[in-house]
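The following block contains the structure, expressed as structure tokens.
As written, the chains take the letters A, B, C, D and E, and residue 1 is the first residue of each chain.
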Amino acid sequence: MPILIKKRSQKAGLPPGTLVHIGERKVEKVRITIFDYDADQFQEKEAKTIEESYPFRDKPTVTWINIDGFHDTGIIEKLGNHFGLHPLLLEDIVNTEQRPKMDDYGNYIFIVLKMLYYREERKAVEAEQVSLVLGSNFVVSLQEREGDVFKPIRERIRNNKGRLRKAGADYLAYALLDAVVDNYFIVLEKLGEQIDDIEQQLATNPTKETLGHIREFKREMIFLRKSIWPLREVVGGLERCESPLIHKATGVYLRDVYDHTIQIIDTVESLRDILSGLLDVYLSSMSNRMNDVMKVLTIFASIFIPLTFIAGVYGMNFANMPELHWRYGYFEIWGVMVLVAVMLLIFFRRRKWL
Amino acid sequence: MPILIKKRSQKAGLPPGTLVHIGERKVEKVRITIFDYDADQFQEKEAKTIEESYPFRDKPTVTWINIDGFHDTGIIEKLGNHFGLHPLLLEDIVNTEQRPKMDDYGNYIFIVLKMLYYREERKAVEAEQVSLVLGSNFVVSLQEREGDVFKPIRERIRNNKGRLRKAGADYLAYALLDAVVDNYFIVLEKLGEQIDDIEQQLATNPTKETLGHIREFKREMIFLRKSIWPLREVVGGLERCESPLIHKATGVYLRDVYDHTIQIIDTVESLRDILSGLLDVYLSSMSNRMNDVMKVLTIFASIFIPLTFIAGVYGMNFANMPELHWRYGYFEIWGVMVLVAVMLLIFFRRRKWL
Amino acid sequence: MPILIKKRSQKAGLPPGTLVHIGERKVEKVRITIFDYDADQFQEKEAKTIEESYPFRDKPTVTWINIDGFHDTGIIEKLGNHFGLHPLLLEDIVNTEQRPKMDDYGNYIFIVLKMLYYREERKAVEAEQVSLVLGSNFVVSLQEREGDVFKPIRERIRNNKGRLRKAGADYLAYALLDAVVDNYFIVLEKLGEQIDDIEQQLATNPTKETLGHIREFKREMIFLRKSIWPLREVVGGLERCESPLIHKATGVYLRDVYDHTIQIIDTVESLRDILSGLLDVYLSSMSNRMNDVMKVLTIFASIFIPLTFIAGVYGMNFANMPELHWRYGYFEIWGVMVLVAVMLLIFFRRRKWL
Amino acid sequence: MPILIKKRSQKAGLPPGTLVHIGERKVEKVRITIFDYDADQFQEKEAKTIEESYPFRDKPTVTWINIDGFHDTGIIEKLGNHFGLHPLLLEDIVNTEQRPKMDDYGNYIFIVLKMLYYREERKAVEAEQVSLVLGSNFVVSLQEREGDVFKPIRERIRNNKGRLRKAGADYLAYALLDAVVDNYFIVLEKLGEQIDDIEQQLATNPTKETLGHIREFKREMIFLRKSIWPLREVVGGLERCESPLIHKATGVYLRDVYDHTIQIIDTVESLRDILSGLLDVYLSSMSNRMNDVMKVLTIFASIFIPLTFIAGVYGMNFANMPELHWRYGYFEIWGVMVLVAVMLLIFFRRRKWL
Amino acid sequence: MPILIKKRSQKAGLPPGTLVHIGERKVEKVRITIFDYDADQFQEKEAKTIEESYPFRDKPTVTWINIDGFHDTGIIEKLGNHFGLHPLLLEDIVNTEQRPKMDDYGNYIFIVLKMLYYREERKAVEAEQVSLVLGSNFVVSLQEREGDVFKPIRERIRNNKGRLRKAGADYLAYALLDAVVDNYFIVLEKLGEQIDDIEQQLATNPTKETLGHIREFKREMIFLRKSIWPLREVVGGLERCESPLIHKATGVYLRDVYDHTIQIIDTVESLRDILSGLLDVYLSSMSNRMNDVMKVLTIFASIFIPLTFIAGVYGMNFANMPELHWRYGYFEIWGVMVLVAVMLLIFFRRRKWL
């Protein structure tokens, strides 16, 4: 189950801008990869130290610096100093409990996102925080650990596919954003399949486990909403902001991501609606079952209790009980009992209990 | 049941503007029909290739190019190139999971809609995505498959009925929009009838199937809302947008469609309200039934258990039980038992259980 | 029960502006009455044909043309032609499924309203659509059938009471609007009384019928909301619109109607809140009843089952059962049974079940 | 219980501005008191007729005319004529079903409020409508009956405490407003205490009466909301309105009342939340009880039914039943029965039912 | 449990600006501490009387006057007079039932906040009201009692850590605000842990106490919302307000606090969602239990009641009952009874009740 509230206690009271890594440490070593390109040339390197990325700041080509793992706050601090980033921005990067947001700092734009994966083996959604810093000719992306949804973008840079190599840093930032948002669809697809499974279970054989699944899902939905809703403002903000960092031509692409975001929010809300419908179905199937149990009890008890009473009557030891001495008394009383039972069965059938 | 989330996985990571058909392939062959008209003349043809539609772009008459089936993305690409359409727009056309929307691209306006049908034989609502591209003198409409709600519009063009032949491309686009929205009323009419049926069932004989129907309906309602709500913005946007493509005279007609849209949204919300009322009714009828079952059980058990006890007492084998030797002991005990039963019946009648 | 969705199917696909009467035909003959007045003079006539109303268009006096029944679309069409009304407006008049709305067409204002009656004999709310066309010196009102809430206004014209005869056509339109809105209070008053009745029933003797009433009421409430909510925009729109047709002095009266509308909406919402509270009360009274039934069963069963067991024990036929031969064995066992019963009664009293 | 909808039927159809008193007549005689003051002097008188108040209209001192009881519409009409008040305003005064509102008529401002009292003896909230007319140098306040929350204000005028005597009519209006709003806190305090009582009852011994109390409270809450919510707009409107009648210095005081209003609305919403939580608690305590009843029944029945069966077996009269002739057969069967009972008790203890 | 409504009754009717301490008196002695600093120098003193703080008003250095305990309204009044604070502001300070708010009085800004603590020993959240008055070169903070979350800020002043000593009074106010908001995260962390505990309990062994905990939590959540929601406006207002008291450089820090506030509100809402989910789980686990109890009863009763009937039959004393004289009659009847029992067990297993 996703954790809603992470430990921040160790941070309370420190001066703003102090870099404290909040969240679990998900990777051993920090890994820095650099892509530098324009329409004609392309260079890819893995940097050993953050200092290797410094010269790219002033090159006219577009540079993409990707950092996996930022628990080593020293690296973040050096990066911040060289690229002139605000201390609060650095603080936000290392605090993995950040809400998705977009801040325009004038000569760079800061974006925080949640990258969501569906882990097939654990049947659960996992989140990783991604920060993007968009400058005039560079994008710095920071992730909690290795492994991301940017592989196709790397391929497009390497193979010069699409507009990417021809466009500026803002288009690269858009492409990264789009890759993250596109992956949400896959996550929702998987969740939708799981919800269909639960619905199937509910229709055939609802158990306590089914309720547990519904509950876990609801919690996952709460978590997803928290990650996805703010995205609307983030992408909408980017589209509307009149920063010179974002070219007009990129606007139409941002509009496209915005549409996707709305669609994702719609789907999350629909899934939530369906889920709460499932809970109602579960409760009423419980109620149906109780009804069934009660009916069985009532039919058994109502038929046999009168019969037992009749048998009891003729088990009495009164000295003077004429029926006991009738010749076919025993058989006649069997007749009476069968008659009573049949009448009761007819009564229950009329009530549609049988 | 409508599918809420379609497979998009194969698309994730491709560069924007890549045409990938998302959705099931609903038609074998792509069919292109062209209507070309002005107030005086009229021409209707079925084109074999998309190239046949090219010359109409530059004719002063109004041209309506309708394409059924767009899984063949090659055709869409050619069309886009010739008519100068943005790659993202083409991508939206072939992605049938699109949310209804309206985009003003300057020299053309792009509209995505859901066309809804009620399939009498399956008692279910079906959706098909329709895209409209409105240029200065043409409208391109793209549908997932053959069969649509535009038949009366074709008739009006052929027979020169109403304003259609006299007005421009914007009026044609309005007419298509209006036809789609008008059909929603029919769908809601049918759904309303079905909900009345369920209500009838609930009043007479609610079963598990009734619950199933309510649940399916709720899901259908979630789907309808997703298709219809955004329409408000689409039509409202068209009305407000100050594009030169839309003449002032068409504004009042768009306002009319807008009113219809609001009315449809109102009705969808009312149906949702009624549906959730039905669930409450179902649950309380379950609870009523349980009460009935319990009452029958309680009446039977409470009457016969004391009687059986009395019979049991006189079935005991004590050597010294004076009553057993009374002359009319057996008949007196019958009298006692009848008395007990009558008193209990009176007790239950007082409680209004009988 | 009010019908939420009327048949529109026969209309789908016709060109806009085609007059098709949607709704049931509520009156046999169309009836046209004309009031023409200014501060000094007054004329009232019943017209046989619509043509008789034509000359009033150009007279400087205020004219009120009231038409009961508009299923004869020919009359509407002639009226529209003579008074220069837009085809879409005429279409809206004859479609009785219209949502309340206000459209400013420049030289006339079009208002659609729902006139609500409470039918004492059927204990139900009935709705009728009223359309108003306000021109510079005339008001045309169109109703589905004879019988309306405008009688006091006619009296005020005839007797020259209040400001009505001194003021213009806009004040007449306001007066009609006000009469319709005022009648809503009476409808809500009646509904409030009925809800009080249901509450009484719930407190004394809730039955399945009570649930049925609550459900019908909820549906009626959904219908009322649909009719009343849009009124807010209608009246607010009239108040704010800067049409020269509405004099400044009328503004304060419209503000008054607006206040009434808000008050009515408030009351509808309060009634809805109370109604859903009633459903909760019903459900918990059901649950209380079940508890009562269960308690009776449990008390009976728990007392007599052990006693029957004791009687059963001494009904066994073992050769060697010493108690059976005790002198007062039978009476002692009665003592034991009474003791057990008393102890169980004390136990149940402690649990507050008795 | 507060009445949500008052009789207005007698008013429907009358021309606007006709004074009809709506509501119950709460006082026998109309009582008119006049305070006239400035920083230096002060005069207090009880007027026998409304005419006595006329001269104060034109005096430069601040005059507060308070009228208790306005069922005598003649007095209201005279007052209106002399002070030049709009007929609709007078109509609003005598209609006690008014929604709280603020109207700026140019040379006077009209405010309608609900004054709420908590009646300790009836444990219920009572409402009274108060109208304020603020002119440049006078305030007219109209109440349904004698007895109000303005006593401290009268004292402050008499004793020249605080700013009141030094400030203008607008400050007096503010002071009256503030007194009404301040009393809401006391009402909410009392309601909060009662809700705590109910919570106590729910925790110890929930009965049907508890449910009744919750229901009554909910209704009272609906009534309170209707009275209090519109106040926000009223006070906000006063603060924002740029009427010359309200001096800038009074603005900060109005802001203070506004803050109080928000706080009261917050508290009402919190109480509503708590109340609906209480209903949930009630329902689940009912469900708990049912569980308890069922457990007792099940334990009794499940233990004694098998034992009774065993006793029944040895009560059979078969000729050949070896056990009956065993020497200690009877005692052995007792042993078996005790064993069965103990095993069942262990079984139930394992299930935590004991 | 937090108290929602504090006693204000003693205050009603007093002139505005009268200082009445509302709330419990939480500290015996008023304690005044003064920090005075600029980038170069620093002075810390504990003042015995409020007069000792007077000279700091006019010094160019930044002064922070902190007052713990304000039940002695005399001190507040003196402070107000010397620093020229509005009487309404002083009233708000001593009324601990204040809603968080921000008022811009021109030459000072007034902020009211709730400082929340989590008391580990009582497992409950406690609130204390903090008022801040920000002037051009001073900040006055007023707390209900000693003990606060400002310790790290004091350390930063003493040790000249971070920007604090270099920045102005506005940055100090921000730092105090930030410290309060940061502590909310810790409170939510603790509440989140407790909710996880409840969830654990629900999954393993839900009892009435669990329901009690959920209920208490819900109430705590209502209280938290009331304290935290308004904060959004407070911080947002500070950020947007164009007061010269707030330097532009502080804006970005306020933006940061604003982000934190949104995140806290998000988390509170998520916790509320989870809590109401827990109630559903509790109710359905109750319903599950009832089902289990019913099943046990039904199985026992349905198996033994028919068997008891059979035994009853052969306990009858008819003279002519052939079976009684069969040689193995007794053993055959045992066979029949075992057969019946087995068949019923198979029936229940088929229904998945076993």
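Rule of thumb we're sticking to: a contact is a pair of C-beta atoms (placed from the backbone, for glycine too) under 8 Å apart; a residue touches a chain by one contact, two chains touch by 3 or more.
Note that the structure is a prediction, hence the values are computed from the model and not measured.
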| Partner chains that subunit C and subunit D have in common | none
| request: Starting at subunit B, figure out the least number of steps needed to reach subunit D through touching chains. | output: 2
| Taking all residue numbers at the subunit A to subunit E contact, is the shared part over half or under half, that is, same or different? | different
| request: Calculate how many whole Å lie between the centre of subunit D and the centre of subunit E, each centre taken as the average of the chain's C-alpha atoms. | output: 26
| field | Centroid distance [mean C-alpha coordinates] between subunit D and subunit A, Å | value | 42
| task | Send over the residues of subunit D in touch with two or more other chains. | result | 283, 287, 290, 294, 297, 301, 305, 308, 312, 315-317, 321
| request: Assign the assembly's chain-to-chain touch graph to one of these shapes: line, ring, star, complete, other. | output: ring
| remark: From subunit B round to subunit C and on, the chains in turn are B, C, D, E, A
| field | Touching residues on subunit E, where the partner in the complex is subunit A | value | 149, 151-153, 156, 161-164, 175, 178-179, 182-183, 185-186, 188-189, 192, 203, 252-253, 255-256, 259, 262-263, 266-267, 270-271, 273-274, 277, 280-281, 283-284, 287-288, 290-291, 294-295, 297-298, 301-302, 305-306, 308-309, 312-313, 315-321, 351-353
| said: If we count contacts the way the header does, which residues on subunit B are in touch with subunit A in the complex? | reply: 4-5, 7-9, 11-18, 86, 88, 91-92, 97-99, 101, 103, 105, 205, 208, 211-212, 215, 218-219, 222-223, 226, 279, 282-283, 286-287, 289-290, 292-294, 296-297, 300-301, 304-305, 307-308, 311-312, 314-317, 321, 323-325, 327-330, 333
